[in-house]
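Okay, so chain A shows up in both of these, paired with chain B first and chain C after.
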Partner chain A sequence: MILIRLWILILLLFGMTTPLFSGEPQEQLQQTTDKVLAILSDPNLKSPEKTKERRELILRVVDERFDWEEMARRCLARHWVQRTPEEKREFIHLFKELLQQVYMDKVEGYSWNKIQYEGETIDGNYGTVKVKIFTPKEQPIHVEYRLLKKGPTWLVYDFSIEGVSLVNNYRTQFNEIIVKSSYRELVKRLKTKVSQP
Partner chain B sequence: MKRLNMEFGVGLFVIAGILCLGYLSIKLGRMEIFGGRGYEIYAIFSNTGGIKTGSTVVLAGVEVGRVKSISLENYQAKITLLLQPEVKIQEDAIASIKTKGLVGEKYIEITPGGSNEFIPPGGRIRETQPPVDLEDLISKILFEKI
Partner chain C sequence: MRRKIFFFFCLWIGLGLIFLMPLESQAELFDGVDTEEFNSGFEDRSKSDWMARSDERMEFKEKSEPSFPEEEVPEERIRDPLEPLNRIFFHVNDRLYFWILKPVANGYQRVFSKEVRIGVSNFFSNIATPIRLVNCVLQANLKGAGIETLRFLINTPFGLFGFLDPAQKEFGLEKREEDLGQTFGVWGFGPAFYLEWPILGSSNLRDTLGYIGDLFLDPITYLPSTPIRIGLKTYEKVNETSLRLGEYEDFKKVVLDPYIAKREAYHQNRKYKIKERK
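On to the complex of A and B.
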């Protein structure tokens, strides 16, 4: 058991320092997913008091594959350009926290025992990977990742669940809040949402 | 002479009538004979959800164009949109197929992006979102419950 954990840790460290990935989007995404699965199935991390540690490990893996800035930029859309670098940094942080809060439960909740990769498409620097994730009741959930190539790595900038795009969803919501009140109000709302347990 | 004049008048009237009819049918049928004003861009959708040629394209609820043609490309739907020339679409805009109300007609909505690059005429909206299949969704919720 200790050996497995050590191995995962080495893999994590190794993955962070060297551009280990050179494959195409699906391959790289699969590597990330496998790492998350390894953490989730690690019996040493299963106990409730280890939750924090486990989540941190998962976050670190996900961080490598997700382009938070690109995601945040696309979600704010027209309003992104008007932000100062300071505001942008704050927003990216809040946005990341928000996604973490919304999706961490889901990531931990699903048994993830069956993931079916349904192929990738590449168009220049853009790629998509289609995945079918099965719930514990064998109900398939269609997820499509959209990735952007930066250097040798493919980074996720959007994903859609059952055809509904995350960026499109947040873009509409954020725009509505900003247009109705202000950007400050949006940040305030995000902050309260993130600080909720 | 007088009779000829009258016949000539009637003839003119009939021709005018036919022209009017032609104009009306083109306008009402939303046909474009001279290509129409504006520029074309296209988008690839995994499913059209029953959108038709002539369906509206809206941005912030305002009509900015129409669907010009729909064709099959590599088992996916390629939808060509004819947009008004003054409407510029950012490179990271998202095109999604929506329904007016629960069972109303389908239309394409464009959510503008924040990129500084715009899609040139003949270009492609990369980000698309197929219509949400309500039946599918309901069945999913139902089966999940059991």
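On to the complex of A and C.
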């Protein structure tokens, strides 16, 4: 009896300490990740005919946490200022579509055994959260999310996997294409990429 | 054929030696080139602010993790003076993957279960312990060297010559992926410039020299006959590929210029590995 009570006490203590000791960015990111994992492990959504529904549910959750505009702006860097509002809107849309493909492939393709939070840093409105993802296959993967505070919510504007930052990688690609050909060409290529299944 | 390969090799080494210099002097060369280009993209911070921040970061790095957003400091990109040649080899590697490596790995994957293939991968990794161990020592990473030694001493007798990985599973001792290229990086050498080697793939001048050096630490090099050496290396490659089928395809699906995406990813990952040694 005493043992059981002790266990419950320990469990309660651990349950309480996690939100107490982790700051806002990690807490909010964790909420999103937990929601995605819950959807992925939901037995009602596992069947193949439910795939589309599941995707939409995940996308909605992810959408709340990602700042697509900030990402797009950072990826275009110096070319962003030269765009008209319509161009910006179109670009954000295309970029979001492309990234969702990346994200969905990664989320659905791997079985995420365990996620370990490895600390965060906060500097004014900027924050980072380090995460270690354990895969059944091999070595754990280190992911670092970069977040920006907008109002009360922390939004992801970049993440890097084993040191490879998504924004940096796309920025170099986009810059090369714009410099070597044109912005039009970039949009054309984005459109073909997105329309491919 | 051999002479031609040797010629290209000498050319690369020769060109590289000009560029191979410690990071600080390379940073001087880069100053004001890439920095300025990316700078104008962000309206919210003035240039002097950026410079001050990056200076601050340099000093800060010594003590602890940088606490400010990394994006505010423009990334230094890798030089690629041999891009046309590299692109040709990238294309060659791409075809090699789809025409030869992938079909072979696919067939192999059907015959052997995942457990066996992971075991084989662990076995090769265990054999290559000297590379990681020596490089840990060269980087003055004694904890890493200790872990690698322990891993070898546990996995060889108790893990069926390294097929299993009880050191990681039971004791949580994670492998330290260190190589000579990273050691050179820790010593302050920059990557010089990007290289795409046929078959071997992404590299840079520093890591290529490191790769050659690591060959001397690789027990497979000391096997008596060349066909056996090449055979084992090929088998290792097929086995590794069989565990990663589909990853390259996924990667190509989400990038606009696979050559540039691969180059930048390689560069950033190497920088990260050099920085994140523990």
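Brief remarks follow.
The rule is simple: the second predicted complex is superposed on the first by the 173 of 197 C-alpha atoms of A that agree within 3 Å, B and C clash if a C-alpha of one lies under 4 Å from a C-alpha of the other, contacts with A are read in each partner's own complex, and residues count from 1 in each chain.
Convention: a contact is a pair of C-beta atoms (placed from the backbone, for glycine too) under 8 Å apart; a residue touches a chain by one contact, two chains touch by 3 or more.
Keep in mind that what you see is a predicted model, and the values were worked out from it rather than measured.
In the three-chain model built by superposing on chain A, chain B clashes with chain C. Of the two partner chains, neither chain B nor chain C is touched by A:K52. By the document's definition of touching, both partners, chain B and chain C, reach A:R146.
Touch criterion met: A:H79 reaches chain B and chain C at once. In the superposition on chain A, contact is made by A:T135 with chain B only, not with chain C. In the superposition on chain A, A:Y126 makes contact with both chain B and chain C.
After superposition on the shared chain, chain A has more residues touched by C, the comparison being chain B against chain C. Of the two partner chains placed around the shared chain by superposition, chain B and chain C are both touched by A:V167.
Contacts of A:L190 after superposition on the shared chain: chain C is touched, whereas chain B is not.
Superposed model on chain A: among 26-34, 134-142 or 224-232, the stretch of chain C in collision with chain B is 26-34, the rest showing no clash. Counting contacts as defined above, chain A residues 74, 76-81, 123, 126, 137, 139, 146, 158, 160, 162-165, 167-168, 171-172, 175 meet chain B in one complex and chain C in the other.
Chain A meets chain C in the complex at residues 74, 76-81, 98, 101-102, 105, 109, 121-123, 126, 128, 137-140, 142, 146, 157-158, 160, 162-165, 167-177, 186, 189-190, 193, 196. On chain C, the positions that touch chain A within their shared complex are 37-43, 65, 67-71, 75, 77, 114, 118, 121, 174-175, 177, 243, 246, 250, 253-257, 260-261, 264-265, 268-269, 271-273, 275-276.
Put simply, chain B touches chain A in their complex at residues 46-47, 90, 92, 94, 96, 111-114, 116, 126-127, 129-133, 136-137, 140, 143-144, 146. Across the complex, chain A meets chain B through its residues 73-74, 76-81, 123, 126, 135, 137, 139, 146, 158, 160, 162-165, 167-168, 171-172, 175.
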